[in-house]
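What follows is subunit A paired twice: with subunit B in the first complex and subunit C in the second.
So, the complex of A and B:
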């Protein structure tokens, strides 16, 4: 069953299409990573899914309902980011016990255990927390709410590496106990790819691809070697990204849909492309790389 | 018992290989129940769908069999299949790579065989 169905979704800000006819669906009880460059439209998409913002065109359903202003969708979903605002008249412990009233599946015991594990002083107010601590607290709310649709928008902002690792592990363990639909947007794909089932990659408001992570890992390979030899083999291949290592050598990222044996025999090195790097290559504009900025003598 | 997350080998294949090693070491015996996808997910901090894919790989190769509602179990022929598979695929592949490197380095056949025997003797001595 699909929890989310999205067809030709458009969100306009003035003349800009933040979301540009995007269509996809998300299966129930899966963990999906939403990946994209800064400004790709991730937050816009997630806020529309959560019912915070209204779409401009197209259809979107969450639990078979249009999410905007929908009580049912609100009750069954939670949107976690680093901008979540909590009142300062309640301390952290009180905030957690109040949250119980809003979320029918609220797990008070888990919330309290996590608060203790991450060494929070329960009498502090949310605003006095550091950036990383604030993200950690928001994550606790997101996990304990146990909403059938749980959305994390850049949940790890400001968290140190140890806390991030704990977060991914906590998320997975809790998901194993209470399967639900989870969407996480993050720039740390390499850190969290193993706990994901699917990846949805977007760029400039459009869907680039949606694939199981395992397939994404085998989606492309890097061919590196003598430029003359590598170029020869490219005719029947789909080139994703090209880089000259020096005058004679280059490395080219291509779709992995051919037999490696014959390429290897030519002395070309075939190596895997991490999902994280692949996402960068797939969303790179046509303007070349950062090197071109420094390459003043470029004569094209 | 840690997976190599940076390896060329997909995680689900690594899971399958890890289970194969458990069978080779006889940590998992014939007709014994293997870990569920959820248990594997918890053990390795991976998505249960990835773990399921690893289990399915072994099921398709008849190393595991299904008992409805109970999970996956080690088949009677598991050990033979794993040994056969490791020999024909993995070992041959490794040898092929070594030979290709030898050809690139223009190492003569006799020299290569000599190196091979030396390594064989060394590892016997251990």
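So, the complex of A and C:
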């Protein structure tokens, strides 16, 4: 069963299409990573899914309902980001018991234990927390709510590496105990590729690809070797990204849909591409690299 | 598989209302401060007249909670605007909410705090009298009790409540309109003053008429009908305006 169905979704801001005819679906009880560069439309997409923002065109259904202004979707989903707003008249412990009143599946014990584990003073108010602590508290709310659709938009903002690792582990453990549909947008794909099942990569409001992580790991390979030899083999291959090391040697990222034996015979080194790097290559504009910005002589 | 939870609008509204009573407790603090200022000002600057026949001079000092009620109306207006702001709205949409439940719980909240504001405003009558008695040099202390029935008292209380609720409705509508479109902050006064100017004539003094429509109504029943209809229209418009609002 698909929890989310999205068909030709468009979101316009003036003349800009933040989402540009994007279509995809997300199956029930999967963890999907929503990956994309800054400004790719990740947050816009997630906020439409959560029913906060209105779509301009196209259809979107969450649990077979249009999410905007839908109470049932709101009840069965939670949207966690670093901007979550909590009243400053209640302390952290009181906030958790308020959340319990709203969410029928709320796991009070889990919330309490996580609060203790991450060394929260339950008498503090949300506004007084540091950025990383705030994200951690929001994550606790998101996990304990146990909503059938749980959306994390950049949940690890401000968290240090240790807390991020704990978060991924907590998420996975809790997911195994209570399977549900989880979407996480993040820039730390390399850190969380182990917990993700699917990846939805978007760029400039369009879907680039949606694949299981295992397939994404096999999606492309890097060919590196002598430039002249590598260039020869490229003719029948789908080039994703070219990286010139120097005039003699180069490395090129290509679709992994050929037999490796023949290129290896030519002395070309074939190495795998991590999903994290691949996502960067797939969404890189044609404008070269950051070096070109500083390399004035080249641009003149 | 996790099963979907069925929801009823009324359940969510009740949950949000209960959350607001705790979360917006600052509203009650503001009420206390406003009414204390009202009491102090009532004692310091009470209106009065003086009669003299050459031999005796009679100073008549009138004390009433009118000023407190007026300040409570301003409090209701300001707080209604406050709870429509983004910060307060986002608190709601952190948990379960849609725009209708958000509006309905806000209205239930305003209704409740206005009722509390009315009761405390009316109760200040006693405090003002006692403080006036203690602070002023008074020989004869008169209170009107003759001919005031329970029905009159109830009608007075209800009218006070409706006035305060009218102020809250106005604030809520203004607040919601500005949330929907920031341009309305400028447009709204321009439209009101402009319309007032256009419709002004010798028989129609404009803005004054609008106030007279509510404040100079002598029949309690008529006033109640006018006020309740206005409140319903105001809240109804707020719901319509905010139903397409994008949140968070």
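Here is the rule we go by: the second predicted complex is superposed on the first by the 297 of 300 C-alpha atoms of A that agree within 3 Å, B and C clash if a C-alpha of one lies under 4 Å from a C-alpha of the other, contacts with A are read in each partner's own complex, and residues count from 1 in each chain.
We take it that contacts are C-beta pairs under 8 Å (C-beta built on N, C-alpha and C of every residue); 3 or more make two chains touch, one makes a residue touch a chain.
Fair warning: this is a prediction, and the values are worked out from it, not measured in the lab.
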Check whether subunit B or subunit C contacts more residues of subunit A in the superposed model.
-> C
Classify the contacts of A:52 with the two partner chains as first (subunit B alone), second (subunit C alone), both, or neither.
-> second
Touch check for A:213: first (subunit B), second (subunit C), both, or neither?
-> first
Counting only touches as set out at the top, which of subunit B and subunit C does A:169 meet: first, second, both, neither?
-> first
Would you check which partner chain A:69 touches, where first means subunit B only, second means subunit C only, and both and neither mean what they say?
-> second
Check the residue A:264 against both partner chains and state whether it touches subunit B (first), subunit C (second), both, or neither.
-> first
First (subunit B), second (subunit C), both or neither touched by A:98 = second
May I ask you to decide whether A:148 touches subunit B, subunit C, both, or neither, giving the answer as first, second, both or neither?
-> second
Touch check for A:85: first (subunit B), second (subunit C), both, or neither?
-> second
Both subunit B and subunit C touch subunit A; at which residues?
-> none
Could you pull out which subunit C residues touch subunit A in their complex?
-> 1-7, 9, 12, 15, 18-19, 22-26, 87, 90-91, 93-101, 243-244, 246-248
Write out the stretch or stretches of subunit B touching subunit A in their complex.
-> 5-6, 8, 10-12, 38, 41-42, 44-50, 53, 100, 104
Residues of subunit A touching subunit C in their complex?
-> 28-29, 47, 50-54, 63, 69-72, 74-76, 79, 83-87, 89-90, 94, 98-99, 101-105, 146, 148, 178-180
What residues of subunit A sit close enough to touch subunit B in their complex?
-> 30-31, 168-169, 172-173, 176, 194-197, 212-214, 217-218, 264-265, 267, 271-272, 274
